[in-house]
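Scrolling down, you'll hit the structures one after another.
What follows is subunit A paired twice: with subunit B in the first complex and subunit C in the second.
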Partner chain A sequence: MASLAAAQVQEVRSITRIERIGAHSHIRGLGLDDALEPRAISQGMVGQKMARKAAGVILQMIREGKIAGRAVLLAGQPGTGKTAIAMGLAQALGPDTPFTSMAGSEIYSLEMSKTEALTQAIRKSIGIRIKEESEIIEGEVVEVVVERAAGGGGARSGRLTLKTTDMETNYDMGTKMIDSLLKEKVQAGDVITIDKATGKINKLGRSFARARDYDATGQQARFVQCPEGELQKRKEVVHTVTLHEVDVINSRTHGFLALFSGDTGEIKSEIREQINSKVAEWREEGKAEMIPGVLFIDEAHMLDIECFSFLNRALESETAPVVIMATNRGITRIRGTNYKSPHGIPLDLLDRMIIVPTTPYSHQELREILNIRCEEEDCQMSADALTVLTRVATETSLRYAIQLITTASLVAKRRKATEVSMEDVKKVYSLFLDEHRSEQFLKEYQDEFMFNDGSGDASQLMEVSQ
Partner chain B sequence: MDDQAKILKYLISVEKLAEEILNDKREIIMLDKRRNHNREALRDLSKSSQSKCWVTIGSVLVKHNVEGTKVLLEADQTQLNIDINKLRSNLKVKVNKLRDLEMQPPVPGLMLVPITNKESEGLSRAGLFSR
Partner chain C sequence: MKRKFCVIDKIESREQNFDKLKDFLSKGDVEKMYRKTIWYNSLLNAEKTCLKDEKIKKIHYKFEDGREMVEEYNVDTKVLLRRAWKMKGKLGGEGKWSVEIGDPIPETTPNADAISIVESKDQPVVLKRNTRINIEWRIRNLPYPIETYSIKAQNDQKLIIISTSNKKYYKKLEVPELVRLGLSIDQMHIDATHKYNTLIITYKKPQQLLDMEREWYAELDKIKPIKDIPNECQTQ
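Right, the complex of A and B next:
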């Protein structure tokens, strides 16, 4: 009984973990119709039609495998939906295409060099598809008969009767098969598979027809349909693995446990070369297919000149993923140099890129986004409160307005209202400062803060925000 | 009128292919049934101590010597295996063709050559194939 309760508690916990709401959790795709034309409001996407259309074209190119080894740059002001478009692209690509998302600053880690971090990210974004094939016998057990020689010990013989919905047959078994059947505790009514090559027995569950055999069953009892069709089947399973995963399990110093702990460290280049040649061999024999995926680097201006030149070279490689970068910078210094360049990205790399601009949202679009966020955050908002919030979004920033949704709904809940009213929004607006008002406040009272150098040029400090 | 004829032609081609696929599946089941019966018979023959046995050919019962029957059954088994494998490989091509006709993308990785047992064992032991 106690264990049951514990299991329930765990279940509740895991559900709450899934339902956490992120900044872009309302994005379900790019919101395009079949002709790749953007719909005004769809799949959590609002406005930004040109950029979404461009992303749709890129999506089609990725699906056809035509874009590998090129890069895309999403450029636009803060809060214009760059990350949202990348997320939408990832959603639209589906679960089979590898999509890696990283922030530019992630490469500055102490555990590995910058190029190693980038190489791992690139190899995480390239999938290979391989197929496992096995001949199996799959059926519901009708009867297991084991005959022992009198006096115990000695040779045993047995018979196993299996059926599907279409046929029934029996197999004579030797001692080894009997042993493994006994070990798996196979009995009449179980649905099992037997691997023909290895003789391994796998219990899939109990047949539905036998569900009423016992009044009390353990909680791990699983009921399955009686298999259909032929008894001896050919089972083909297609697996998609990323090159990085193959790297890690073959890296002798780490082993596969590193995959789960995430603590992979540096991987030797010899191992990568070996795996590359093995994969090339598989491809030649028709055993593997390459799936170039997508590597998304947010805040790409945080990369430095070394990374850019490395990427430049990596994009040339035959098996490069599509690299999508996002930046909110204008003409700025390239990290690691004294030169200035558009978007903080060297001109030679910029030349290889398809640049997709995003533009600031209009008043109406902001209102729609806030409306979608209200739904996502499960918050009833009155029309005039939404109008006020939209005003706030136009005057300060969209992110700040989105912050106010949940806070306002909490205030409304405290006064036991079902709907967030204008007053609630106004209250949280006065409770929480936006960036601009915070700056004003600091300017006014800077003498009273510690370590004040008196210059009062707060905007310099604020450059990194957003 | 022209459109209607075109649609009818398209539907016929789709239905024909789909029917073929279903037939092939039924055929595989039938062949496997026979394969299993043959296997049981071979097993019983090897256990029996008699020198002759009854064989049904169509609706006729024939008494035949055991050795000859075994040869016949074994030949039948190999032929059955070949037929089943042939049907299975053709089935893949047909399924992809049908999906193509229905404007669906082909099944990913359907035409891949499977990796060897040893390779798949190594990879699955490393936990790469999540089940």
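Right, the complex of A and C next:
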């Protein structure tokens, strides 16, 4: 009996796959109430009330969808929650609004020009809602099998068995499909629809037949009937596609060449113009609806002067999304020039932006953030350990303190303790240097490092001689 | 070929004496009913191009509403071998051919990344064939014995529905040929056999359809085939 119970517990654990925890995975929204007033601690957000309030106003502007091509700059010191606010905004907007997140340095590539990369990013941030008839597979999942080819790293193959009350079919899946199935955490007993053309998976709920099977399904599980009739149906569905996706569909070379062409590459401007006019036509006829989204450019100071002037122009277009940039620079050189400017962004673009500042966190707020991170990283921490950690965060940086959470919990685990104590934190504090202490150390022992013997000239000589 | 037609005539007359009687009364009208259908007229009005390739005659139709269709006829037997429609996506892009009758067009092997989800190779596939007197569906990879299947004509939705007692297979078959002429599906004309893991369903073509097909083939003879066939595929 006991072994049976143990087996069941095992099964429950295997159902909920462990997700990886990212730096901002604790953020679930902006933490605003209905009147868009920021709550002190909510949805993973702490402090930064003014910036969050400003983000709330921007959120409202995006939701209304009327105003195109506005730019917002989040400016603040490192570790003051600029990216967190952008992530929170994305979460608050919901999955139907396109939100493209990129880093400023992503545009530099050998395969694509800078402006092409920016144009693609801009067009990825504009959605079109359109009704289209498409092939839908709708059924209850009987089995999902994912096999990895022997030898590791090779291609994966997947098989999916679906059924309705009248039939049952096996499907073969490609790698993309396997990934999205795993992402949606599809398991046996779920009733799902798959759009055959786009591969989009929609979970309708769990089958009634499985209602008694698991206690682990949770309260939010919705129970639905197993579908009837054929698995594959033609249905009119409302799609949300981005302008970029429409570009890609229309620019693919077909036939023999399709075998060799890669994913996208550069898209001709004629095709874009054609699509713009087509979309305008659809909108006039009421067939489609435009959903302007958000383009978020992190580390915006990494863009160069050409990109900035391109953005100046691009923002004036009717079909421009709201562009949010984040930077942690003060007055610095604009990349690609010798001029200095606030945030490393030229004044004419700055003039078109609204600037939202973020300020360093207070002692109490740091404690709250660390507490939230401890929960997110599944780590029990004693009160005095948290106090020490907060002090570390005030004296060094928040990021360094967050790094210490999991490391300290691993140290605690090694001595078989359930809770992280102050000693554990002290131990990892001595094991891992923060940036400041590392600098101190370097200054002290600089002479003993490579290429540092004697004056600066000598080191240069050595490099040249190599 | 002539003999076959006579056979059908006999069966028809035995089964539908009443219809035969009506034919006698207003023979011209009823027999040529198909001429009034939207389908026949759209065929007449379509822009047609013809290609002749030894034993096969290919006709490309461009309809007034912008749709495209291709038919392939065997020149000797005058039987339609394949009919395919061009499916255009709403978002644009090059459309795919969807085959209504005949063997599917073999696709160039797509790379494994591109395919998202397809039926496994061992799953049932429906093939629709056109013969002189029958419309025929062949469903391969169906191992269950003949008693498993129930095949019913459903006239509300103009479908033939195949279901299985073991709940493994279910399929709605459309019969656009009959729908286009406004004819109903008759359970009497449906026949099924099961052999070599294949379920073969045949539907005897009604006289109206046979007449129309015969007349339409004669009509197609009026179209001049294009002389300059691209012969890059031929050897030498």
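The rule is short, and it goes like this: the second predicted complex is superposed on the first by the 318 of 466 C-alpha atoms of A that agree within 3 Å, B and C clash if a C-alpha of one lies under 4 Å from a C-alpha of the other, contacts with A are read in each partner's own complex, and residues count from 1 in each chain.
Heads up, the rule we're going with is that a residue touches a chain if its C-beta (ideal position, glycine included) is under 8 Å from a C-beta of that chain, and two chains touch if they have at least 3 such contacts.
Just so it is clear, the model here is predicted, and its values are computed rather than measured.
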Check your understanding: First (subunit B), second (subunit C), both or neither: which does A:Glu376 touch?
Key -> neither
Point to revise | Which superposed partner A:Arg129 touches (first subunit B, second subunit C, both, neither) | key: first
Review point. Touch check for A:Asp166: first (subunit B), second (subunit C), both, or neither?
Key: both
Practice item. Look at A:Glu184 in the shared chain and tell me whether it touches subunit B only, subunit C only, both, or neither; answer first, second, both or neither. Key: neither
Practice item. Check whether A:Glu285 is in contact with subunit B, with subunit C, with both or with neither, and answer first, second, both or neither. Key: first
Review point. Is A:Ile249 contacted by the first partner subunit B, the second partner subunit C, both or neither?
Key: both
Review point. Now for A:Val237: first (subunit B), second (subunit C), both, or neither, which partner does it touch?
Key: first
**Study point:** subunit B versus subunit C as contact partner of A:Ile275, first or second or both or neither
**Key:** second
Review point. Just subunit B (first), just subunit C (second), both, or neither: which does A:Glu423 touch?
Key: neither
Review point. Residue overlap on subunit A between the subunit B contact set and the subunit C contact set?
Key: 130, 132-133, 166-167, 169-170, 172, 197-198, 229-230, 241, 245-246, 249, 256, 259
Study note, to complete from the structure: As the complex stands, subunit A meets subunit B at residues 96, 129-134, 166-167, 169-170, 172, 197-198, 229-232, 234, 236-239, 241, 245-246, 249, 256, 259, 282, 285-289
Review point. In their complex, what parts of subunit B are in touch with subunit A?
Key: 25, 28-29, 31-33, 35-37, 39-40, 43, 88, 108-115, 117, 120, 123-124, 126-129
Check your understanding: Quick one: in the complex, what on subunit A touches subunit C?
Key -> 130, 132-133, 137, 155, 159-160, 163-177, 194, 196-199, 229-230, 241, 245-246, 249-250, 252, 254-256, 258-259, 275, 278
Revision key, fill the gap. Interface with subunit A, subunit C side, in the complex: residues 89-94, 108, 111-124, 163-164, 167-172
